[in-house]
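Provided herewith is a single structure, encoded as structure tokens, for subsequent inquiry.
Labels run A, B, C and D following the written order; every chain starts at residue 1.
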């Protein structure tokens, strides 16, 4: 199993007070979460609390386990052969790693956007309808309404309303990614996980998607993995830095965006953010 | 020395290779021309629909075509669900049970190599005798189903493996059950692979003779039900050319019909496979 | 039913399907063994090799002549079809102009799909009389070898073509840059690089040749004997089953299942070897 | 867990039910007859069956070939309602009931263009033993003889070797055939071959333009007439056999096959009708 971890240099508890108001119930909570693929330990001993209706950016160099960590929050890691998770993860106070937990319900409440846009090889309309129907929304008028509303929410309605029955794969990359976001939003999730949603897009589309994410703040709890510190600074309420130094990735610092960039505490954060400044 | 020998070797090789290609082509043309030349004269609507007469020397191949279609129907009705199901298990579900997957795969490899006459022996012993089906279209179709399963499974599995993993992840992240994801996304995306398998399977089944000899029998009358014996087109050709003196004209005509059925099937496979490849490259 | 229950149900249904498919192989082997058990237990396996002849109704069960027949036909066909098949693939890839290569490739595909009974019919009606005029009686080892050559040639050609396609272009360009002639490049670089693919094709062709029944049955004469020349008729194991299964009873029927078992064993060994070769664990 | 087991059980039951339905649904056997066996008798029974079906709509009679031994075995095992045999019953076969529906002979055939008209028994035996290998030794052209033999288990073969006092292992054949038609097809396709088949089949084919010729055996011309007169040495009964309880339909069909009503069919197939 996962070897007992050495006490981290900065216990997240020390940062928690900075992120979460006292007494506030966190939306997502991870306690001593580790992820391993066979013998390779990707993430070790991550403890973090994510507040409601906030955007939290997970930053850090490649291969430090951000994506692996994200995968534990909707248990998509279950699908990866050989992937083992340890620790406790709760969403809205419920232990999602409990035996027999309703996975379908979890994934409806915790949506996910991938690095590479992945609409199904169906029409634009079917891409939205299919998950809705799957979750029991069958009334035609209601489905049509949600489809339109979701597309409007991501600013895609004007662009695709005349070709709802065209294949989704014929859309541009940025449009595809917004379609994926609309698809996730149509299910009215509480949490949205985003795994570098802009990195596969051209700068223009990237800007459009980034603006969209900024607008989600009020309604959703968003966790976004990004390599782009400037982007994190523009859109995030809080920033969490992951770091892997020769071993498994760990959470180094978790702080409100302003504090993270202006008064970082950990030397690694100072160096990392300093790189941005420099 | 060497410098002089090499171009000489080059010429010999070129001559050999061109000759080999020419010989293969001419034998192919010879065979096909022979069949068309001797068979085309008999072909008519009458021939395709009329019942056989005088052990096949006279009359047409109506009942034979019906029997062939029925055998094919049974074969596909049984093998397609089994084949697609197994392929789905192998490519989508084996993560959970590796040993079982390996076991199934091994047995498929063996199944693919079993000579068709051995399928015939097995079909005769199992379907005809043990299950009491006797010589019947059902027994023949089931035997063929065993035979085409590996073909079907292999190409369906290849089709499923070619489906990008993002679709699976995306569906799971949306809380879509595996069943629905399979039905609405993965299987449609794997359709070209399934079609190629289906067409290859039909091609193999329609061409088969040895496995049917002792399972579906060779009664050349219009079958009344699946429990009747029925003679397939390939067995008809065998019987006419081997066992019926004076049957060669109709043997050629039946062979022409069989080839005419198979050539579009082969062309269809190439077409689907090409288009599929093209689509995957474009994407 | 909730989605996760549906998934679990589907999982079990699929597992049952796959188990059924796997069971077919077990069933085939089981039936061959059970049906041959009678005569094997009664006479012992050795009798199939040491009896004076194959006259099952008089109690002689010698399979060696037919084993030899199967072997000779297969070896003959492979010896002829391998150079022709590899040459076909080379022709397509390196010698023919593009349109011709495409046409030739299509022709090979069509040849691969032609049913064995049509090869057999053509052999019976065209080839056998031709041989009969030259060296009677006509139905012979030679006829069987020629027809089988035609049948396995497409298999070998298609596999060789696939193997050649996998040889990286840079090898060929590199060799050309050294000033090697086309044949020297092919012989020295391309063919060795494609070796395991070619070998797999030959092994699979061999499997097809051993297992082929109808085409051989129609042209080989079906006399159980050790042939003295290419023009003597023979009877391979497959033809024996097809010929006698219709009316065989008791020990005789059992003995035919024994030949089925032998055939299956030979093919399994071939397929296994082919698999090892294609995975690169063995080299031809 | 309950659910998993439940589904697994359901799947197994479904497979079993399907198998049982398949195995049991061969119903409707009231109006069906399966007749298997001798390829000599099969063409005759086929035409008789056609006439019987025409008279009794709704009845279906399937005729399959496979040799006399198979006819006997299928009848014994219940795979066939009636077996066809082109020989009499041997000792040890009295568990079945045989009813003769016609008589037939076995004759030697050669290609139509072969100048040889007849062979003595000794010549024939020598040819089949491989001692005479060229037609010129028996008054024909200078060409090697292609000996066509029947496959093991065929009653035509049994009768042939018994009559000429041969043992099958002594025969040096060049081609081995199964059905009568296969033998005729082989001989018709090879000018230097010799084979033996049912007189009925041979005469039927010879008069229908197939390139074969019937040879005299022991000086007696092979013809239906000579079989009828009992002159032809190599003759045999064509039997329908049944084992155990028979259905009324089978009994009725056998009676029909023996009756005057089908004598024209028997003669058309070049067999000799049994006097009622």
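Simple rule for what comes next: a contact is a pair of C-beta atoms (placed from the backbone, for glycine too) under 8 Å apart; a residue touches a chain by one contact, two chains touch by 3 or more.
Source: prediction; values computed, not measured.
S.K.: Find the chain most remote from chain B, comparing centres computed as mean CA coordinates.
M.R.: A
S.K.: For which chain is the distance between its Cα centroid and the global protein Cα centroid smallest?
M.R.: Of the chains present, the most centrally placed is B.
S.K.: Comparing B-C against A-C, which pair counts more contacting C-beta pairs?
M.R.: Most contacts of the two pairs: B-C.
S.K.: Per the centroid of Cα atoms for each chain, what is the distance between chain A and chain C, given in Å?
M.R.: Between these chains, centre-to-centre, one finds 56 Å.
S.K.: What is the distance, in whole Å, between the centres of chain B and chain C, each centre taken as the mean of its C-alpha atoms?
M.R.: Between these chains, centre-to-centre, one finds 17 Å.
S.K.: So, what's the distance in Å between the C-alpha centres of chain B and chain A?
M.R.: About 49 Å separates the centre of chain A from that of chain B.
S.K.: If you average the CA atoms of chain C and of chain D, how many Å lie between those two points?
M.R.: Using C-alpha averages as centres, the distance is 33 Å.
S.K.: Which parts of chain B, given as residue numbers and ranges, touch two or more other chains?
M.R.: 176-177, 180, 242
S.K.: Find every residue in chain C that makes contact with two or more other chains and list them.
M.R.: 3-4, 13, 20, 246
S.K.: Can you list the residues of chain D that touch 2 or more other chains?
M.R.: Each of 65, 178 in chain D touches at least two other chains.
S.K.: With chains as vertices joined when they touch, what's the shape: line, ring, star, complete or other?
M.R.: Graph shape here is other: it fits none of the named patterns.
S.K.: On the basis of the stated criterion, which chains touch which? Give every pair.
M.R.: According to the stated criterion, the contacting chain pairs are A-B, A-C, B-C, B-D, C-D.
S.K.: Going by the contact rule at the top, pick out the chain C residues touching chain D in the complex.
M.R.: Touch list, chain C to chain D: 5, 8-9, 12-13, 16, 20, 52-58, 60, 128-129, 132, 136-139, 221-224, 233, 235, 243-244, 246-249, 252.
S.K.: How about chain C: which of its residues touch chain A in the complex?
M.R.: 2-4
S.K.: Can you tell me which positions in chain D touch chain C when the two form their complex?
M.R.: So the residues of chain D touching chain C come out as 3-4, 7-8, 11-12, 15, 65-70, 73, 143-144, 146, 149, 151-154, 167-169, 173-178, 189-190, 192-193.
S.K.: Using the touch rule from the top, collect the residues of chain B that touch chain C in their complex.
M.R.: 6-7, 9-10, 12-14, 16-18, 20-21, 23-25, 27-28, 30-31, 34-35, 81-83, 85-86, 88-90, 93, 96-97, 100, 103-104, 107-122, 124-126, 146, 149, 153, 176-180, 182, 203, 206-210, 213-214, 234-235, 237-238, 241-242, 248, 251-252, 255, 258-259, 262-263, 265-267, 269-270
S.K.: Once bound in the complex, which stretches of chain C touch chain B?
M.R.: Those residues of chain C that touch chain B are 3-4, 6-7, 10-11, 13-15, 17-22, 24-28, 31-32, 35, 83-84, 87-88, 90-91, 95-96, 104, 106-122, 124-126, 150, 153, 180-184, 186-187, 207, 210-214, 217-218, 238, 241-242, 245-246, 256-257, 260, 263-264, 267-268, 270-272, 275.
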